[in-house]
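Next, two complexes with chain A in common: one pairs it with chain B, the other with chain C.
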Partner chain A sequence: MKRLRLDRWTGQLLLARPGASPASTPRAVLRPAVAAPRCTAVRCQSTGAVSQIPGEVEDYHDGTDPIRFPPLEQLPPRATSLPSPTPVRALQSAKLAALHARLSLPERLPLQTLARALVDASADENPQFNNTNLAFVGQTLINYHVAEWLMCRYPRLPMDILYAAMKGYAGPTALHHVARSWGIEHAAAPGGEVDPGLLQFSMHKPGDAITGFGYRRAEIEGMKKYKWRHGMSSRVVFDDDFGEVVDTEQSKEELRARADTEYGNEYTRSLAEKAYATCARAVAGAIYAHAGRDAAKAFIRAHVLSRTLDLSRLFAFKKPTRELSLLCAREDFEPPVARLLSETGRLSRTPVFVVGIFSGRDKLGEAAGPSLEHARNKAAMNALKSWYLYSPGEAVRVPSDMLADDAKPWEPAYIDMGEIIGR
Partner chain B sequence: MTIRAVQKISTGRNGVGSFILQCKKMNFHYCDWAGSSRGMNGFIKSLLPKFAASNPQVEFTVSPRPSKHPLIVAQYINGREKSVCVRNMEPYEILKKAELLRDASGEKNKRVTKPVQSINESVRGVWSPYHGNGLRV
Partner chain C sequence: MEAIATRPAVSCCRRAAFTGVRHKSTAARTRRALKIPPHPSFLNSSSSTSPTDHTTTDQIIYNPPSSAASVFHTPFKFLPKSDPRRRANLASELLAASTTIQYPSSSSSSSTTPSTSTQPQSDAASSSSAEANPFPSIEGAPRYRARHHLTKADIEEMRRLRAADPATNTVQALSARFQCSKLFVMMCCQAPPERKEQVRAELERARDRWGPRRAAARDERRARMGMLFNGEL
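Entry: the complex of A and B
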């Protein structure tokens, strides 16, 4: 079977966007040295367009008859040579206006900024025209609000679970789902002529990865090679907001490997996911920049924190009974005792034992299982989960509530003494 | 450390926290010549501007489809699309169809037998045969 040669396709669409074609055709990718910046002229973010500078790249003309095939949209001069659409065109995009209305964004957030939030750093390397800066602000805000909400609402969560919950709410995959649920579509390839209402990212050019908090560990080579263990305390200090090791070298290599990828594999899907997540963060950052703190917080509450995540399914215990007895010793409870509450069919093929774990007269947890051991372990897990998932209430106040002008005096939030250390 | 985390991703529920209209684009196709498009042409002239202005979250396009029946095609966030042929309809009938498409979720039509669908766990819990006083047979 012959492979489809993308670069041989002679569709009108492919011809109509030559600005994107050098990077998107596999043939051109093989010789990246040619890929010099096509647009050397100055771009302006303001609506006052710059006059054509002599000696720069002319608009591409593919030879079709403009009278027989009139262009769907009148592009401004030299639009096709730009890496991303000019901010002027944001005002004419129906997609962008619809997205603005669909998200009920504040009036103060202009369409130009929303258009900028849709341009990934891989599409346009100029930080004045891509969403890197907005995404950094948005990431900081989203992670802060998710973290404070989780910590105040579930004060006893162990650090590992807290990181997993953070990632479940504000990680790249979750934000990718958020951005998809907004109805954002992406362009096949970035360029100055695409609709500004489409998300633009490049599969092939690296762009600058969005920088987050966290340090590159000195021992990272050993961690990768010999699987050195890294404890939770060092994860808190060194690693990023989701407790994941910051590996700048690896991300650089990944970006370099982009040039060789083809469409439709797991790697390109992860790139798309990253671009969508960055876009969602950038929208949050843009709201903060234009409409302020309260609007950004309300937006994050509405779109990120309103999602459902069952925290009790994040736990995986190794030795629940031992941990429970350590917990009871630490809290001065009576030592836990497992008691058989009821059973059926002990000698049958499918017995069921219901085991409760008691500390003195208090029942800490209960579970049913097919064997005594299993039921006891499950009961201990249930007891531990009900301890760890203690919550002061659904409408718990968070520190950022105090930033409102008419905030009531702060009542200290519940702070737990920490997780049970069992080794 | 005895506790390890299992990674799970939160699920969104449209309407909780924020509501996103699922219809994202509507295309209105008409024919200048054919008689079946007479109502559609009147709709585009008289009712569509108001309808489009009252639904800013939907992208509207109007395009000719010569020698064919008039058509409304709606595209949804879940990637599906629905189309309704509006031949020989009056403008207000077409408006009804456009509202129907705008309010649809984009899912395939399903027979709904339960009044509430929820991913929350039951408040009452699942009945257990091992608890309570049991049933005397």
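Entry: the complex of A and C
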């Protein structure tokens, strides 16, 4: 059996590792180099890097015969020493043009900007070449549109359900799926020689990208150590757009500790998810920057708000009957009474009771359950959900509709008076 | 059920024991045997009693039966004042007691004609709502309605009693004595820690007597309730 001459391969995989030494043995290629520094890519745009390592200015050469194994693509000089592909190469990338056409992006959005939206901050730390700025704009826009739509469409959602719904529409997991559904693929490792149509992020360093609002709490140590309660009011003030505690230090330390251990663990997956979500936000931000407000809004409506999220499954209750009687007391309804609508097999192994909750003669909710207590609680939960999920209509107007030139006068949206119980 | 008993195939087989075996060699007999008339509840009862009278009834039988209403359908009572759906339904709301569901006044009158069923409902709207509802309540009436009759001195007395002899003056005893709910008693006073410890030890002893099946059944019941509250059931 012949030994594989890995050092003779000229594939993208080997080229994509800028840290690999030219005379690397096959074993060294296969094994993830723990001791060797991962990111020795040189920024040729910055003067400091050039002056420090003048020997690496020449093109990357892995020792193969360039006549027998010609490179797949004619790279510009010094491409392999860059952390991300040069903007010039965006015009030659078939993947990038295909992505542009597939998303029906406006003509005014150039391919170079789209290529920049695919470079994560972990791949290229220079904010002039990565997508941090675009992602920040895009995230702000996406969160704004999702929040105003949720508030006008479901005005009675409690704050924690609203946060969960925000995360379900615009959270990193949802945007990760959106970006995947666009057909974006990622490079195995970032570098100047990879195709600009591939998403580039590094598995080995988290990258410094500011992508959210929120404050770092002063009491975060106590919250982590003693599980201090943080109520909804403080979450509104301090935490990020999804009501989650801002804790950048801890996540970074975890990532630093775990990233280099093995390939394909949950941290690398979360890195990939973050990179994909950032990319989706950056595309929205790029559309806003080049094509304007209306195009960005239409894009967000089509790709983020059009997704199906079953809001009725986000709810969890602790004492639904009590919450419902508090609601009825607050709204001056008659106190709720659970009534047995029908039943079958009371003495059998599998009875079914249908219980309705009435306030006066109006039925508020109904549910079937295997016991009276189950059915009663479920009916109260259904009644509460139908209160919380009240909607003024399908095509509800949102405040940003008024930015159009021919907008009709604004009718005030329905605003609920507040939550029934504190959470 | 009577249709199944009078199948021609069954009587056929019984007779066959005397005269010889009759096989179902063709599909015709099986088909005829399986042709069962529909259940009487599926037939229009009024038309069967008087075949000449072809009045259309508005009685609908749902088979399969209807599932629970969607929670995205807001009940009339929950619609805000400004909602156009409320304004549209307000006229019928004033005529009948409820626009969401029109219930018959008695549970046996499921097949009454609309002309007769509207009369008792308008009566029901005028009478008190608790009597008019035909369905039995499954929750007992609260023993003590909140009357806000207890003064500060009463609460002090309640606390003193509870602290003095928590074994006699239990929450239930105090609620019966002061004519208030148990929740209010628990809001007012707390048992001393040694009493809490005693109750906990008693509970622990009772729990030790449970076998594995009873313990597992209780665990399962609790887990099922938790799943119910999380919307998983």
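One rule holds in what follows: the second predicted complex is superposed on the first by the 361 of 423 C-alpha atoms of A that agree within 3 Å, B and C clash if a C-alpha of one lies under 4 Å from a C-alpha of the other, contacts with A are read in each partner's own complex, and residues count from 1 in each chain.
Heads up, the rule we're going with is that a contact is a pair of C-beta atoms (placed from the backbone, for glycine too) under 8 Å apart; a residue touches a chain by one contact, two chains touch by 3 or more.
Predicted model only: the values in this text are computed from it and were never measured.
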| field | Which of chain B and chain C A:Asp401 touches, first, second, both or neither | value | neither
| First, second, both or neither for A:Leu309, with chain B first and chain C second | first
| request: May I ask you to decide whether A:Phe317 touches chain B, chain C, both, or neither, giving the answer as first, second, both or neither? | output: both
| query | Touch check for A:Arg361: first (chain B), second (chain C), both, or neither? | reply | second
| message | If you tally the residues of chain A touched by each partner, is the higher count for chain B or for chain C? | response | B
| message | According to the stated criteria, A:Pro392 is in contact with first (chain B), second (chain C), both, or neither; which is it? | response | second
| Should A:Ile161 be classified as contacting the first partner (chain B), the second (chain C), both, or neither? | first
| request: Based on the superposed arrangement, let me know which partner A:Leu341 touches: chain B (first), chain C (second), both, or neither? | output: both
| request: Could you look at A:Asp294 and tell me whether it touches chain B, chain C, both or neither (first, second, both, neither)? | output: neither
| said: If I apply the document's touch criterion, which positions on chain A are contacted by chain B in one structure and by chain C in the other? | reply: 313, 315-318, 320, 341, 368
| query | Which residues of chain C touch chain A in the complex? | reply | 68-69, 71-80, 82-83, 97-98, 100-101, 103, 124-125, 129-130, 132-133, 135-139, 224-225, 228-231, 233
| note | Contacts from chain B onto chain A in the complex sit at residues 1-14, 16-18, 20-21, 24-25, 56-61, 77, 119-120, 128-131
| request: Spell out the residues on chain A that touch chain B in their complex, using ranges where they run on. | output: 94-95, 97-98, 100-104, 158, 160-161, 163-164, 167-169, 171, 173-174, 177-178, 180-183, 232, 301-303, 305-310, 313-320, 322-323, 341-342, 344, 352, 354, 368, 419, 421-423
| request: Would you tell me which residues of chain A are touching chain C in their complex? | output: 312-313, 315-318, 320, 333-334, 337-341, 355-356, 358-369, 372, 374, 376-378, 381-383, 385-387, 389-392, 414
